[in-house]
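Two complexes come next, and they have one chain in common, chain A, joined by chain B in the first and chain C in the second.
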Partner chain A sequence: MKAKLFDYVERDNFVYRLSGITKLLAFIFLTFAVMFTYDLRSILCILVFSFFVLWLSEIRFSQIRLMCWYVLVFLIMNAILTYIFNPEYGVEIYGTRHELLRLNGRYTLTLEQLFYQGTKFVKYVSVIPLGMIFLFTTDPSEFAASLNSIGVSYKAAYAVALTLRYFPDMVRDYEDIALAQQSRGMDLSKKEKLTVRAKNMINICVPLIFSTMDRIELITNAMDLRSFGKHKKRTWYAKKPLKGCDYAVIGGSIAVFAAVMLVAIFINHGRYWNPFI
Partner chain B sequence: MSKKLFEIKTKTIVAIGLGAALFTLLFMFVKIPTGIPETQIQTAYGVGAMFAAMFGPIAGFLIAFIGHALSDAVQYGSPWWSWVVSSGISCFIVGLCYTKLHVEDGIFEKKDMILFNVYQIVANALAWILISPVLDIVVYGEPANLVFTQGVVAAISNAVSMGVIGTILLKLYAGTRSKKGSLSKG
Partner chain C sequence: MREPVIEFKDFSFQYFSQAEPTLHNIDLTIRQGEKVLIVGPSGSGKSTIGSCINGLIPFAYKGEIKGSLRICGEDTGNMSIFDRSRHVGTVLQDSDGQFVGLTAGEDIAFALENDCMEQQEMKETVKRIADMVDMGGSLSSSPFELSGGQKQRVAFAGVMVDDVDILLLDEPLANLDPATGKTAIDLVDRIHKELDKTVIIIEHRLEDVLYRHVDRVIVVADGRIAADMTPDQLMAADVLKENGIREPLYVTALKHAGIKVTEDMHAGYLDTLDTDSLSERLKSWNSSQKEQEEMPLDDEILSLKNVSFRYTEKKPIIKDVSFSIRAGEMVSIVGTNGAGKSTIAKLICGFVKEDSGDILFEGSSMKGLTIRERSDHIGYVMQNPNQMLCKPMIFDEVALGLRLRGVPEEEIQERVYKALRICGLYEFREWPVAALSFGQKKRVTIASILVLEPRILILDEPTAGQDYRHYTDIMEFLRSLNSLGITIIMITHDMHLMLEYTTHAIVISGGQKIGDSTAVDILTDRGIAAAANLKLTSLYELAIRCGIDDPQSFVRNFIDYERREERNESKAF
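After this line comes the complex of A and B, so read on.
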């Protein structure tokens, strides 16, 4: 099991030196731009850019291999399901019909459907590197500070910091409990019946949840004793001040967001770019 | 002590932090297979609903929101925002029964169970059959047929998780708390 949420390894390059706020803002602006648009041209630009930054950040492939598999499986499932449920969606969007292949009455392969699903595939692929860059190059303790700086209430930001801090502890507890229960003969493998397996899983969760409840009391008392939440603002030890290159990156990502939106509004008159008419 | 619906105490914040960590862990690793391929019951929602019932709607929303976003980010690189928001909303609605329950005083009777389950069924129906498909269409431009079918499946499996696991957990936890006024003069 992966005990660490952020597999953070400190390196010294341009992407790492940027402040967490910058990376968070850039991530938000670029992903929202890609989420909105179905213009293959804009998406391809962002795709190239995000893979360039991924290369720049020197993240190793071994760090992201598992993620790539998950994403690939998800995208293939999504593509198959989209086709099964809406084989004519492309025709509906683009308003023309170029038939390539006829399987039966309902399922035909049209150029429009291929283009729609292809665009969707590229769209999802192009945001994945952005998320990876943000996850792997941001110091977890700086993350809460960044959230607070972009306007999230510091109490919510502190909750996120607690989540990141206690996740590895909880994974360790979970493994200990699971091993202890298994050594007492509780079977979690496929050999056992479904209902018994479900019950056994709950039996592992219960001690974990109850120990979490105790821990909540403990941490609450510790924080109350240190007067947490007394003031309206707080400072962060891990916060990195913004430098010139930070402002440049933030400005750049806002410009990309604006450009994608303007292309959608004034050139495509909608989210879809239609090469068929 | 009377409870206010939207009050945020230090305890609420800690519960959000640790609850979200628990949610992430369960969401990633502890799923109960149903026998139908690609459909698993997420135990995380049962725990999310339990925390929502004990710490209120804001805690519920943030636990599910942070937990779902983090596990998506770690597994897929980027959160699927429409579903992350729906997760948050489903636990927010469950959390609205917070002022009516007194689990921390060891009280979780039959009528409380019914109340909790009514809230969770409404929450799941709203979040998964209405909000998440609509967001999928508006935000991601996914085809309607597909997302509504996925929504119905998600609503049923999450309602089972909240209804069975959530109820059992609340009952068990109430049993470990001593009731108010349970001491009597000898």
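After this line comes the complex of A and C, so read on.
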């Protein structure tokens, strides 16, 4: 099994050349904008934009396939639960009622509810590519530098970078251990019952935890010996200085954020765009 | 005399977690610009001395300190670990685990970042230091793209950027193949000479370090300093053997020939050894040795036929490899890191599937057999026992494989006890795994495979990180298993292991088989040794320097002699 959630591949294109801090800020501004508004028109614009950038960044689908599946499962669950707990929320928001289907006393399907949930779905779908772009096109150590420069303590920021550094090692350890345990007769395939498989997983996790602890001790020593934590601040070798295009991108994303806000305030008079009136 | 940079005075140390002190009343002075080698068996306290110097004791490992330790004239009682790191740069044993950064450049810069150096200046410094260790061209490489030797160079550079006075190297050879180890020793020598640093090397592979000059060798045993002398004096003394440290093979050869090694023979290094006065006696010893008769060969138990394998389209890992192994053999598969030797083991165990070719067990193809089905015949023991142990109790750990196979509990007990007896662990059967030493854990993992009664046992680096005594223990144990009829395949780059314990060696380089012969033939073949990053054994070099006509037979005679000696010794007990 190849569980590679974050697989940084160096490429040379516009998105990669941007500084990590730019991408982080753009991600934050656009996310806030999308999270704030329920105006489908604004959201669709951002959706188109984020897929355009995803295409621009040359991230291959194979890199994000696993993540896409997780996201899709989450979205479907979310949609079902939203409907179960609050099937009349759309009617409440938009103030009209166009009934499409009556299931029973409590559950009816209204156009308003569909529109509301559809909008919500598109909101997530338009933000997620932005997150993926940020994660996949940012060199993890530059990411740490970015986090540090927006005020996160450098120790916490470095912990994130180290996790990314050692993640592939742990995956490799896991694979090796799993193979060795299988050769002792452990069955991890679907042929075995779920309870047995869960028990077998524990037999892999125990050695994995122990070898990871060894690793942590070693890396802590190595860092101590090279003065990690000596000063209140530290500089970063991998930090990219901000260039013209970085400022342009940050400015652009602030402008998008402002535009979405203005549309909400002056045109929609609220967070929702109501096509039913 | 130059300034002392390290002064231990009546220094004792006891870890809080241990009942006895690890170091007793150490008195040791190392002067500026010296190059010192500290040797000693595992548990002797040599690594503890290193941790006291670099400050991991008392900052990471707590314990009680008595006596004084001064570094560069300052009393360490008042120094923080950061103060110490300005004077002492430490290169740890595991060059992969200590790689902090995501690229070579970043890793070298780590100490500078922590010192808040400006980025521009930092980049220049990193480049300059990286060039010094020939890594200037690979600054943007990730640790996965670098070889073990390259990672170690990065680690060197990472401590040299701080312009430290003292370089402390903790087992620098442990994870390197022989040829890379040689280059590393060369590099240390160059840094020592050019930059006038004080260098302290902690290592138990004496012969490999003495490939280049060292000023003094300090032998540590049972927490005390057992000897502090020049290499020439050391070879003439008996202190190595008494303390379970392996002396260089060529020195052993001299002793076998009945030569009493003295200081004026300059036996500290093979290059300085005064061979003129010795060659006659070595020659006469050599000609008095009888050729061992060839053992009859058994049937083939495992064979690879034109096996190829690749992970991705572009990069073939194994290219058309064929070889066969006979029942009851003890075989080593050698080659550089990344040459594909571990992949061969994975192919045999069925962890990965060959793209073409075939693997036969007792003449029939194993195609289509699952990992588990293969494991009934072939056992695989990983390098690090911590990667295999998953039960808290020894009995349960060894029983795991049988329980998974649904063997009845009465039979399990019988078979587990039998395996534990073979492995010398029967007394520990009720013990928790955590109470065992590293070597004993290794035996538990071997027992947990043996209990499945495999015909073939594959071991990945069975002796990695072991000192001479434990190495001998494990290898003698494997030899005894072998004499019970189990075929043993070892993946290794330990040349001593190859030479002394395996009759048959298969050499893999760049995914291809480049040698398949006796270990003696392989280790005396210049071409193969170079291609597979091996070294020629010092026995061979000794034979050449003494003008022995057939140096290969000299090596063979040495090995045969050793085996006879051992057999006689074990009979005497």
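Assorted remarks:
We take it that the second predicted complex is superposed on the first by the 241 of 277 C-alpha atoms of A that agree within 3 Å, B and C clash if a C-alpha of one lies under 4 Å from a C-alpha of the other, contacts with A are read in each partner's own complex, and residues count from 1 in each chain.
The rule we apply is simple: a residue touches a chain if its C-beta (ideal position, glycine included) is under 8 Å from a C-beta of that chain, and two chains touch if they have at least 3 such contacts.
For clarity, every value in this text was computed on a predicted model and none was experimentally measured.
The superposition on chain A brings chain B alongside chain C with room for both. Taking the C-alpha centre of chain A as the vertex, the lines to the centres of chain B and chain C open to an angle of 60 degrees, rounded to the nearest 10.
Counted by residues of chain A touched, the larger count belongs to B, out of chain B and chain C.
Shared-chain residue A:181: touches chain C; no touch with chain B.
Once the two complexes are overlaid on the shared chain, A:70 sits against chain B while remaining clear of chain C. Of the two partner chains, chain C is the only one that A:231 touches; chain B does not reach it.
By the touch criterion stated above, A:268 is placed in contact with neither chain B nor chain C.
Judged by the touch definition given at the top, the superposed model places A:108 against neither chain B nor chain C. Judged by the touch definition given at the top, the superposed model places A:96 against neither chain B nor chain C. Once the two complexes are overlaid on the shared chain, A:127 sits against chain B while remaining clear of chain C.
Contacts of A:159 after superposition on the shared chain: chain B is touched, whereas chain C is not. Closest approach of chain B to chain C, taken over C-alpha atoms in the A-based superposition, is 5 Å.
Once the two complexes are overlaid on chain A, the chain A residues touched by chain B in the first and by chain C in the second are 161-162, 164-165, 202, 204, 206, 210, 215, 219-220, 223-224, 228-229.
Those residues of chain C that touch chain A in the shared complex are 54-56, 59-60, 81-82, 85, 90, 92, 94, 97-98, 100-103, 105-106, 109-119, 122-123, 126, 143-144, 158-159, 162, 346, 349-351, 371-372, 374-375, 379-380, 382, 384, 386-391, 400-401, 404-405, 448-449, 452. Those residues of chain B whose C-beta lies close enough to touch chain A in the complex are 8, 10-11, 13-22, 24-26, 29-30, 32-33, 35, 38, 41, 43, 47, 50, 62, 66-67, 70, 73-79, 81, 139-146, 149-150, 165, 168-169, 172-173, 176. Contacts from chain A toward chain B in the complex involve residues 1-2, 5, 31, 35-36, 38, 64, 67, 70-71, 74, 77, 81-82, 85-86, 89, 120, 127-132, 135, 155-156, 158-167, 170-171, 174, 194, 197-198, 201-202, 204-206, 208-210, 212-213, 215-217, 219-220, 223-224, 228-229, 271-272. Listed in rising order, the residues of chain A touching chain C in the complex are 139-141, 161-162, 164-165, 168, 173, 176-177, 179-187, 202-204, 206-207, 210-211, 214-215, 218-231, 233-239, 241.
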